[in-house]
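Heads up, the next two complexes both have chain A, just with different partners, chain B and then chain C.
On to the complex of A and B.
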């Protein structure tokens, strides 16, 4: 017969071991239920599309939203599958992502950083969005990217062109497919030198905010390397509507080229004013006066009307490209909506497919697993030729399109014509390039 | 010297827009005592009258061109304006080209109607309410109006060019003995300045030399006495609201070739125009015009890169700095009257 002695110390030990034993499964269960922010547990997965639905960029936001809807349709097996049929990675089968049907919620950035953060936060916290995408401004992209880093979700940037998005403000949870200011400068400069010569005096008008600064710096350094001289660079308020007082002194400066580092309404107004002042009819230094718009968008070109004729710029993508991916996307989008997609729509559609593909390859929605799958991922068939999602800064490296305002457009979509597809090698830079100095990618965050 | 002349010229057209909007604001404030924050929206509606007439003139039917294809590879549908069928291609294009000047005639009845409806339908209920209530309701109305315009016309700017005859710019420098290309000024901006001078002159003449104007001025000075004389001053003030709306609308129509119209263009001008009214002196029509041109020219000077180099950011705050300075030294503004907004 054994004798059991119950001591106080033994009771505490047994209790502790028993409690730990009972708690163990709960700890594991709890960990697996909340392994990362908004882990999808049901039959659907929710993506958050944060686009400007009100404010001056609402039309661009509407086009982004159309592209997102189309991407979701294709991921769920609807429509004609679009770029899924041309994408070099073949893991997506049209049955959602990891077998889960894709649903989405939308937010309104209003093209304001605080509003964009609030709508992204709401989609993450209330709607359970596991990824945020979209946007039409670098200020918004940087703000939302930082929020997603803190929250532990992936941010697939929409239209953001500032170097800083993948430069000093880069984040491990953020990825950019869109090109940047450096790439615009590097692609444009040789075309400009070829068209206008290497002996030019440039006058820059620059929107007084982050994107304007990086674009001016990029275009200046690229054109100066080609032999151009920058005679002046003037910052213009973002709220400026009439640029006459900035444009009128351009000819007095001895400049023979005006570079408009403006986007959206700023670009429409400054270009309209410059043409109105007859700059393009003038001769300076024995040369025809020229205007350059580093970043073009078809939607903006529409606002400037005939003023864009013959003016060079760069774009991330254009619907008239003849590769199989672009054709498939234009066909899908055009058939569904009746007009060709914008570059903003293209980048948003591609970012959604790239995210879904990365999840599928990683076998998990966990942000760190997705980030690992995206880093140094090489792909093709999405409209810009062979592309690399560089791991060190989460920037896509691909061909850049140099365009010119069409001289004789046949329709309201036909406003820009592709002049050159600049190969990726020409626009690639080292991760420690001075224009991208500062900041650190940090480590990815799974949240929770 | 050439830079100074250039910036004075630039300030004139900007000042013209400020003066026209501020004139309308002052008319409404002086007659009805209402602080109308929807006045910028009236400028915007005027601009969209030009857009609307352009669209009416370019209403089209489609014909299929089997020789060419659209972006999907289908035969291209070419739009042919009905006006080509009516007048022939050359004459039709000429009419379309002159859409903006023609819009002045189109906009006058529309803007008067909008003004009268606005006053009778909403503003009149706020005459006896505090100015804060008037500001809130008219600001709300402005937001509603711009959202309506955005719903129908989209958020992007819509190009509305000047007639071909007014494209390009005049070389003032060459005419004044300076080097060519040093002082240039677009033809359409000269037209805009001339147009605003005519409108401002017309409003002053109307108030000064007509019986209607005399009654309105009397009403502005002493509304009760005019009412006791058996004159229905309210009806006249309603008409003045319509006229003020038309002035803002016409300023908007003629502004469209300068900057492509968009739904929030009214807001861009509204705050500055209020500053103009305050600097000019609340209720003073000559003050509004004087301050409009003065601040327009000062804003142009502050945009010179030589000045920005000395005081960075001055271009963004100059108007407000000058407003503070003037109000500190002349609290009633440049030409303000005693007793206005002082109770």
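On to the complex of A and C.
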């Protein structure tokens, strides 16, 4: 035990040191010294890429991260400049954004709202990110979007398909390039009518969470509008891995079409079960039994293997598209990583470019200026044809790709083939469409 | 002082110093240096440290004292958050009513779940609590979507019918949680040369709550009630045979620890007004158990350290990517640089679970008493070195 003795001399000495220490903080700044949150003052600007690196969507997260790295490389003038050369807006010169070199930080969303927000917060509070992008599920997208609104930074959503992201949970600081459940339904319905006729009886198996609900609603209303009848819609727990008990009642119900509103591992398992049960070899009501998967991804097709043959679905983008933008992107992604990009990678790459372009056009990183530049912005050459970033709900409107499982795939990247590119007019909806009702954009937030 | 023994008072002082000086302690590296990656002194993470600290302290009252291992404690955290967010939506953006309600509601849930689960002990008790927590998670995730927001979580909206206070700020945004007008996100930056220290109001609010709950935990540990709980842990059968009904004691401990979890949930929602169902998942419950074991079961400060340890890895290591590594090793020749990055790559970014797992194994194998035991061993080692020069009789009491 040490003993402290208090002497007059000692007290004066330590007092002097203490007051010197107190005098030291010369710049005592509140955050309000900046015009907006994380205003980049140096020669670099930091973007935050928040993707699932662990958990069920880790594969997609890894692909998103690759796309982000590629985008940053292209923005900084490296590589072969990818879609920058096909992009209709030509303000980006390959010298970063507004002359500032683009740097980035990464984080792990774990596909959990809490972890995603913690990670995004650390990017904003610690690393000074002015924009957050990425994510591979709607729950995370909605959570991080709300956070960005509150903090005053721009959120460029990654893969999120639920109507809610730009529907009831839309925010003024958040933007989505990816398509949504409604668009899937609207694009699929005519193709299904062509292929399977207009008097089908559909049975829905729906993943029991938000995205499942909106997708079921979208597909139901679109198919019912063209004459299909919905026999039943059964919700399945998200954690379900064996769907046999859900598949068995399908046949007794008199339905002749099964719609699987499942994503990721759910879809892989339910589709495999359905095919193993021999559903596709059955004849019901004098018609061949059919299966439909509203949202496809290449990684899912890979998981389900040969079971996806001939099964229809929709996707935001596919690497086999032959427009100049897609080709340029596939080429630079392939050169760098050795395989074609997924739709998640595509949307993340495009979002980064769109953000950079908007900043450049606005001449400022301030979220409100960027939002204004993005709103009602029309562009082309980024892989989906002519696209509009609608100002009223911050949703991109572009052609939707209807795909089918390839009958004779030549490689593991070739599992899907494009059946039809549904033109944008067919999938456009009014901002106050019932499936998107409720919620408001609010006003853009520049932060403190 | 404060009706504490000297060593407890010193421990209390230590915790107070650690929490109040956290902005300095957690930001040891200059902002522009390469080591700044390891700085943890930003508001969100500091808030998380103390909030999970509260959670772990509460959990330790049950697990450390009675030995009942609840594997569903995250459920109370989730219930607390939902209660708080609903308070924000319906009543006011003041955090006090929200926190009070979240503690009360989670206490109620704990009472019901504890009443049923405590009919069994040991592994059966753990399984029962786990089952309840998973049930609540499943309900929150899908069935109760109108109340809990389901997968997307419960959030504030622009049209919330807030009784006291406006639904929107004049600027057209959602108001933020505050304490009588003091916003939780309000921060000051203190610039000292190359260092930047951030003082966040929300953090200090949480820190004070942590100190209060820590004090309460010490008092419970030292009380006759605490002694009774320890007796339950050492031999419950004997207590029953002596004619003593232990159920009320264990139930009380369960409810108290559930309320601590609810308090943590309420605070979490106050710092960041969102409540998600993942907070209640069994992995979250497992994390609480890990925190307590990592820090030191049955010790007072251990759980707080364990909570900090895990949250640090989750938030700091997961953010290191190959780019950062290349920056660190840029001074090495290219070949060696790439080799170093290759070696370290599996342990950072998405590999943070792996690093944490390895450290957890090391702690459990070499320091079964958790980080606290490590601290004691270190202290003992210094003590020994000191004794060589002067023979001192004083012996450092093991910090509990």
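Here is the rule we go by: the second predicted complex is superposed on the first by the 415 of 448 C-alpha atoms of A that agree within 3 Å, B and C clash if a C-alpha of one lies under 4 Å from a C-alpha of the other, contacts with A are read in each partner's own complex, and residues count from 1 in each chain.
The rule we apply is simple: contacts are C-beta pairs under 8 Å (C-beta built on N, C-alpha and C of every residue); 3 or more make two chains touch, one makes a residue touch a chain.
In this text the structure is predicted, and so the values were computed from the model without any measurement.
S.K.: For the overlay on chain A, clash or fit between chain B and chain C?
M.R.: Result for chain B and chain C: fit.
S.K.: Output check: A:225 vs chain B and chain C. Expected answer is one of first, second, both, neither. What do you get?
M.R.: In the superposed model, A:225 contacts neither chain B nor chain C.
S.K.: With the two structures laid over each other on chain A, which partner does A:237 touch: chain B (first), chain C (second), both, or neither?
M.R.: The answer is both, since A:237 touches chain B and chain C.
S.K.: Going by the contact rule set out at the top, does A:126 touch chain B (first), chain C (second), both, or neither?
M.R.: After superposing on A, A:126 lies in contact with chain C but is clear of chain B.
S.K.: Mind working out whether A:91 is in touch with chain B, chain C, both or neither, as first, second, both or neither?
M.R.: neither
S.K.: If we overlay the two complexes on their shared chain A, which of chain B and chain C does A:340 touch? Say first, second, both or neither.
M.R.: Only chain B is touched by A:340; chain C is not.
S.K.: Tell me the contact category for A:118 with respect to chain B and chain C: first, second, both or neither.
M.R.: After superposition on chain A, A:118 lies in contact with chain C alone.
S.K.: Looking at the overlay, does A:437 come into contact with chain B only (first), chain C only (second), both, or neither?
M.R.: In the superposition, A:437 touches no partner, neither chain B nor chain C.
S.K.: So, A:58: does it touch chain B (first), chain C (second), both, or neither?
M.R.: In the superposed model, A:58 contacts both chain B and chain C.
S.K.: Minimum C-alpha distance between chain B and chain C after superposition, to be given in whole Å.
M.R.: Comparing every C-alpha of chain B with every C-alpha of chain C, the smallest gap is 6 Å.
S.K.: Show which residues of chain A both chain B and chain C reach, each in its own complex.
M.R.: Of chain A, residues 58, 235, 237 contact chain B in one complex and chain C in the other.
S.K.: Chain C touches which residues of chain A in the complex?
M.R.: Touch residues, chain A against chain C: 1, 24-31, 53-54, 58, 62, 104-108, 112-115, 117-119, 121-123, 125-126, 137-139, 142-143, 146-147, 149-150, 162, 164, 169, 208-211, 213, 235, 237-238, 439-440, 442-443, 445.
S.K.: Which residues of chain B touch chain A once you look at their complex with the stated criterion?
M.R.: On the chain B side, the touching residues are 2-3, 6-7, 9-11, 13-14, 68, 70-72, 76, 150, 154-159, 161-162, 167-169, 181-182, 184-186, 188-189, 257-260, 262, 264-265, 268, 299-300, 303-305, 308, 315-316.
S.K.: How about chain A: which of its residues touch chain B in the complex?
M.R.: 55-59, 232, 234-235, 237, 239, 241-242, 244-246, 248-249, 251-252, 265, 268-269, 272-273, 276-278, 281-282, 284, 299-300, 302-307, 319-320, 330-331, 334-335, 339-340, 410-411, 413-414
S.K.: Which chain C residues qualify as touching chain A in the complex?
M.R.: Where chain C meets chain A, its residues are 39, 42-45, 48, 138, 141-143, 145, 150-153, 155-159, 168, 171-174, 176, 187-192, 198, 272, 274, 276, 278-279, 314-315, 318-319, 321, 323, 349-350, 352-353, 394.
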